[in-house]
Amino acid sequence: MNRNIETFIGCECEYSEATTVVFGAPFDGTTSFRPGTRFASKVMRSESYGLESYSPYQDVDLYDLSIYDGGDLDIPFGNTTKALDMIEEYTAKVLNDGKTPLMIGGEHLVTLGAFKSIFNKYPDVHVIHFDAHTDLRDDYLGEKLSHASVIRRVWDLVGDNRIFQFGIRSGERDEFYWAKDHMYTNKFNLDNLDKVVEKIKDKPVYITIDLDVLDPSIFPGTGTPEAGGITFKELMNGILEFRKLNNIVGIDINELSPQYDTSGTSTAVACKVLREMLIVANK
Amino acid sequence: MNRNIETFIGCECEYSEATTVVFGAPFDGTTSFRPGTRFASKVMRSESYGLESYSPYQDVDLYDLSIYDGGDLDIPFGNTTKALDMIEEYTAKVLNDGKTPLMIGGEHLVTLGAFKSIFNKYPDVHVIHFDAHTDLRDDYLGEKLSHASVIRRVWDLVGDNRIFQFGIRSGERDEFYWAKDHMYTNKFNLDNLDKVVEKIKDKPVYITIDLDVLDPSIFPGTGTPEAGGITFKELMNGILEFRKLNNIVGIDINELSPQYDTSGTSTAVACKVLREMLIVANK
Amino acid sequence: MNRNIETFIGCECEYSEATTVVFGAPFDGTTSFRPGTRFASKVMRSESYGLESYSPYQDVDLYDLSIYDGGDLDIPFGNTTKALDMIEEYTAKVLNDGKTPLMIGGEHLVTLGAFKSIFNKYPDVHVIHFDAHTDLRDDYLGEKLSHASVIRRVWDLVGDNRIFQFGIRSGERDEFYWAKDHMYTNKFNLDNLDKVVEKIKDKPVYITIDLDVLDPSIFPGTGTPEAGGITFKELMNGILEFRKLNNIVGIDINELSPQYDTSGTSTAVACKVLREMLIVANK
Amino acid sequence: MNRNIETFIGCECEYSEATTVVFGAPFDGTTSFRPGTRFASKVMRSESYGLESYSPYQDVDLYDLSIYDGGDLDIPFGNTTKALDMIEEYTAKVLNDGKTPLMIGGEHLVTLGAFKSIFNKYPDVHVIHFDAHTDLRDDYLGEKLSHASVIRRVWDLVGDNRIFQFGIRSGERDEFYWAKDHMYTNKFNLDNLDKVVEKIKDKPVYITIDLDVLDPSIFPGTGTPEAGGITFKELMNGILEFRKLNNIVGIDINELSPQYDTSGTSTAVACKVLREMLIVANK
Amino acid sequence: MNRNIETFIGCECEYSEATTVVFGAPFDGTTSFRPGTRFASKVMRSESYGLESYSPYQDVDLYDLSIYDGGDLDIPFGNTTKALDMIEEYTAKVLNDGKTPLMIGGEHLVTLGAFKSIFNKYPDVHVIHFDAHTDLRDDYLGEKLSHASVIRRVWDLVGDNRIFQFGIRSGERDEFYWAKDHMYTNKFNLDNLDKVVEKIKDKPVYITIDLDVLDPSIFPGTGTPEAGGITFKELMNGILEFRKLNNIVGIDINELSPQYDTSGTSTAVACKVLREMLIVANK
Amino acid sequence: MNRNIETFIGCECEYSEATTVVFGAPFDGTTSFRPGTRFASKVMRSESYGLESYSPYQDVDLYDLSIYDGGDLDIPFGNTTKALDMIEEYTAKVLNDGKTPLMIGGEHLVTLGAFKSIFNKYPDVHVIHFDAHTDLRDDYLGEKLSHASVIRRVWDLVGDNRIFQFGIRSGERDEFYWAKDHMYTNKFNLDNLDKVVEKIKDKPVYITIDLDVLDPSIFPGTGTPEAGGITFKELMNGILEFRKLNNIVGIDINELSPQYDTSGTSTAVACKVLREMLIVANK
């Protein structure tokens, strides 16, 4: 009689034997419009059993791999700095133990916590960023630490020409103009992803997927749905493109707010993206 | 003053004069993930009045045809075998009276009940199967009669090379591999449907449409939404392709779970598919 | 300390300085299937703050323009004629003051109120009509003033060859047949919009967008969702095409029923369409 | 093989043999706040099968009685006068055939249509009115025919001291003050119902139950929920009190808006009230 | 780094050290009206963290006790007999190990599985049954194993005068009449619970709580809401009365269908009942 | 043509002429379980038009009074300290201008911001606290500023015997025990409120109403519903008791999370409490 263990489907490995560590960062403290991403990882874990562990896209089964599910971090409420510190620390532990972290947000700001540890270990890291929004404000209502400025904070670390944005279709005029001088921004879709992948395929690469890059027709369960996004098949093709990267050092998937999509489709989509990215990370 | 009669829009013919019989099989007893397909036929009947009886796709009006709506079977709860027997018996009656049955599920297992009577009358029947899932498990948690094994049970009857699957994108690895030796499986989309139709156009053909073949963007109201499906326009083109079949002997449409899509879109989609399939059946 | 003013994002101009006037017509009195469009303008105003005021499609910010938000008309309940009169009167005032009206419905019948004033000032007006439905019944259950007959009523005013319909995929057979003799009807999509725009680009043009022209995958929040519609990207391309029109004299956007889409996506879509149309109107 | 007949549970009698006729009046055309009562009768009919036909409160089974379910009237949209005329005509037919009408609204204004026929046949009729709202405005935004003025219109017919209101807890000051001179108004609860029943027990009595008289804790499914209402047990005691009336000439039950209570409780409550009132009417 | 363990709040004891074992039986296979109780135990486990572990009613904290949470049984779909066998077997194991079982349903039929093992060990067991429904049908649509006949099946085991029902307000006339000869049935409320407790306080007692005994105002999240139930405070007083029982040998709490109450109140109520009953079981 | 002004019903006074100022504090940054109180004030403002401005309980109409609605504070996200500072500053301004503040939360922590200014002006202030929860933790997961510790922070200011709690039914054992030495805590209900009011009626009194003091049957729209609360009638009686206080110096009403109650009942309840408290404040 063992106590009740809950994991994402196919992520039942012990920590010591795992090559990849998936964990949740249930933080939505700076969300400006509609909160709720704090529920994402828990709901995904539960709903993942509606999904098969086998991917017909990559012909791999999650049970072929060695993945540990660390559960959710115990993040406090109302203290953004402490939340990011906890994420940074957990990621550092995973990296130090030689494993690849795959974090489930939470709002997009959680990326900053994980990325600090990534950058520490891989100063040469490049970033692929899928999103509907630029996330490049220098601050938001005076706050430097905000979901709306997270990629700007990442840029503070890596500097120019190391960030590659795709699917962007919302932001302030200033953000779009500023981006032109500092990073590669592909508006509206994933065009040229193949060229970017070809160019950085031997670099350490961190991938951050804000799921609102998807069109809200297939992913309405997010705080700020932005019409005009990519289809699931386009995202799937992007994921398959990632298989050409030789050194993926970390991944995050964020901005699912499951309660806004009562059909459960958005959660099922997030689970499928997670399955495929876990396979990509173990390619 | 007549008592209140409820039918699908345009299906108001008396039984004796009908060429086609539509009826509901409100059974979801083996659904493993999220139940609710038991509500589909009743809700569709009611919501069908938001739809026009005229199809601009086929330039036919349902009122031009002779369709009887038999209401819903009075299926007991917790007894899978008896449920299938009732469906089989009703279908046999319809077939014996020289009419074409069009059944509304219910979960996909209901197909087995109807198909047994079809197979009895048309031993040479071929099957076109639209679905997101393979449905080819030999059993599910030990149960032979399961929504997850229904096509395997159909295969038990018809044997190799008589089943043609389209849109499949989820299943166990073993199911995908087993299918290669026993049937035609077109993954992800409806490619090659035209070739299959051309090949079997003079055979008796049974068509089973699991509506989750559609992408959940347009059909979220189902137990297990699977991203990466076909669009409504692709399905519509498939339906128009069916017009080339010369001997459609039965049809079912299943796996709508209306309560998971509070917008009513999924129900409206199911009603439109029903309208178009009724016209195809009477071509 | 000023009292609490609520406007659509970026529509904060005073009336006297505005070139464009946006206002709500919260009327759904003839809706036959599912009511609720009365809530559209109010909910859009509130949710518009989840949207950016900057359009990366047209590289214009709403704050660059001069738009006044007049709030919602105080329409009575249960009196269709009076409702239309109030809309007509308000539109006349806006036109007389030399401003362009952009009305948010409400059900599609509200178009008739606004259009009467438009037609009064611009007898040569041409109409571009995006919709899933023909809206060409001569009456509906005996009522001449109905959402299902609104374009027929517009035709009563302008006569043949002045109405251009796109995206139409639902109606009675008689409506489709009647339309062939009296207007241009492009079924299912926006094909040939470029040719129509080229042809009438120097005429006064009124644009009426029934948002259910969109596929319900991206716009489920409407009374009668009709699968097989256009994607958001197709609509966006149509909107950009409107930039070639030289004399847009009025616009309406209608049939959002926000409560049917609990994810908020439909409202967000309507807000984005509004933003883009406001920019088009001020091109 | 008979076509699909739908009735409230236990209301399966033919018209000719019935003593009581239940029918739906799906009209919500003057609803000012949140529409949706048009769906009540249809949803109640369908959900009534979750209820037992036997009442342990009155020890009677609906199948002991002779009740005909006439379905729903085919009310047009956007024409209040015509809607009331249809209701009046149908009620007159039922009364002329010597049967007792029990109408399911719809908004409260439907009472006026039925009551006109009642008053025609029984000029001495007295009215018991359960409601949260006074419904005594002389007009609402200029409209004489409004859910907010329906009891005032009933008073126009019967005059002073013939109307007995219970449970009232919302209205304009003027309504409360006006009522003091023209009828009996019991605020907040059902106190003194026994005395009123005793007083008018041999008169012809019409009972109109606006279900929002119930506290929204048990009946949230209504357009304008008003806290501070009566409990279900209090309502049930009131219904049992009605058994002492010797000449109930008509009943209506209105203002269920089923879609606002996704749990289905409000619909189940309305069905139970209907069951008990049907038994009362046949006492 | 330990794998993610999920328990009800305060139930974190190891099996070997526990005095009480709580486990879920996610079965709803015979539910006739609206399914969904299969989700209850999982959702309760997750939502229990919104509750405090301390009861101000009994001044006890769950962490003072020794409770093991065994998770959910892995019940197959579509096989009622096998489901009951699994429950019986698990309960037997718990009893054999000298611990008290507290089962979370699932539909009410699960009681039969657990009770068989209880009856095996305690042939003299008495049953306290809280419910809105009699559950005394001999069969339901021909099925002997049904949620609607579960207490009849329990009676098959224990015979006359060993079952004590409270809160009953729905059933067929025959059930109410049959009950008079075979058990104690207290309609509508918990009156006389104190006398029953006094009478059987030294007997082995099994308590089965169908949560729909509560009024749907406080517990709408159930398949068949029945107005006229007891308040939470009345239930709480009943629970405190149970403290006088000296030999509680098993408990079950069933019929929560969390998805029908989107506010989460019903789940929170079920969790609080669970907390209080766990304390009662360990008194 | 004036821009669109939105206020609570009956709160249309200019600031300079107002005796009472109502404003929203849309902050939910420390909410631990389910966020969403940020939406309360905006939704209440909009839904208040379903309510009458006249109170039949106090026979006063809001339009008789002079109330200014200041809209919502523009609170940043992810910075608790700054949020509280903004609330404190706004409250100070209102107090300095000789008006009474009535704040709509937001989560309960907002009380601290307003109360600091109150305490500054009225060092002798006493506090009446209605709540389900003690809110007396010294910190929550290490955070001193938390909804779970707000009354402890208020105590830090006022010290012993100045706080009077009612309706409390949830908390840690330590909180209940600590409270015994430092304040008056009435568990479960409003008993003895009359005595407390009598005792402090000539003192300056601040009233903070956490609406979850109500039973979730009538108020499910809150983050942490706690069964066993007071009825609306009990709360109403408490409010009428407040009329005996001679010096109410400030009020807040908090913890409505409107989206958890899709029926709108909770919002309507909050609006009615607001109406009655506005009248109490102007007695």
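Some notes on this structure:
The letters A, B, C, D, E and F name the chains in turn, as written, and every chain counts its residues from 1.
Heads up, the rule we're going with is that contacts are C-beta pairs under 8 Å (C-beta built on N, C-alpha and C of every residue); 3 or more make two chains touch, one makes a residue touch a chain.
For each chain, UniProt lists the protein as follows: A, B, C, D, E, F = Agmatinase.
Predicted model only: the values in this text are computed from it and were never measured.
Traced through touching neighbours, the fewest hops from chain C to chain F number 1. Shared contacts of chain B and chain E, meaning chains that touch the two of them, come down to A, D.
Ranked by separation of Cα centres from chain D, the top chain is A. Per the C-alpha superposition, chain A sits rotated 120 degrees relative to chain B, a value rounded to a multiple of 5.
Averaging Cα atoms per chain gives one point for each, and the point farthest from that of chain C is the centre of E. With centres defined as mean CA coordinates, chain C is found 38 Å away from chain B. Mean C-alpha positions place chain B and chain D at a centre distance of 42 Å.
Averaged C-alpha coordinates give centres for chain B and chain F that are 55 Å from one another. Residue numbers of chain F whose C-beta contacts span two or more other chains: 215, 217-218, 261-262.
Under the contact rule stated at the top, the pairs of chains that touch are A-B, A-C, A-E, A-F, B-C, B-D, B-E, C-D, C-F, D-E, D-F, E-F.
Taken in their complex, chain A has these residues touching chain C: 33-34, 168-173, 176, 187, 215-218, 220-221, 223-228, 260-262. On chain E, the positions that touch chain B within their shared complex are 28-32, 35-36, 38, 74, 76-80, 82, 109, 140-143, 145-146. Against chain E, the residues of chain A that register as touching in their complex are 1-7, 12, 14-15, 42, 45-46, 68-72, 262.
On chain A, the positions that touch chain B within their shared complex are 49-52, 54, 56, 59, 61, 215, 217-218, 232-233, 236, 261-265, 268-269, 272.
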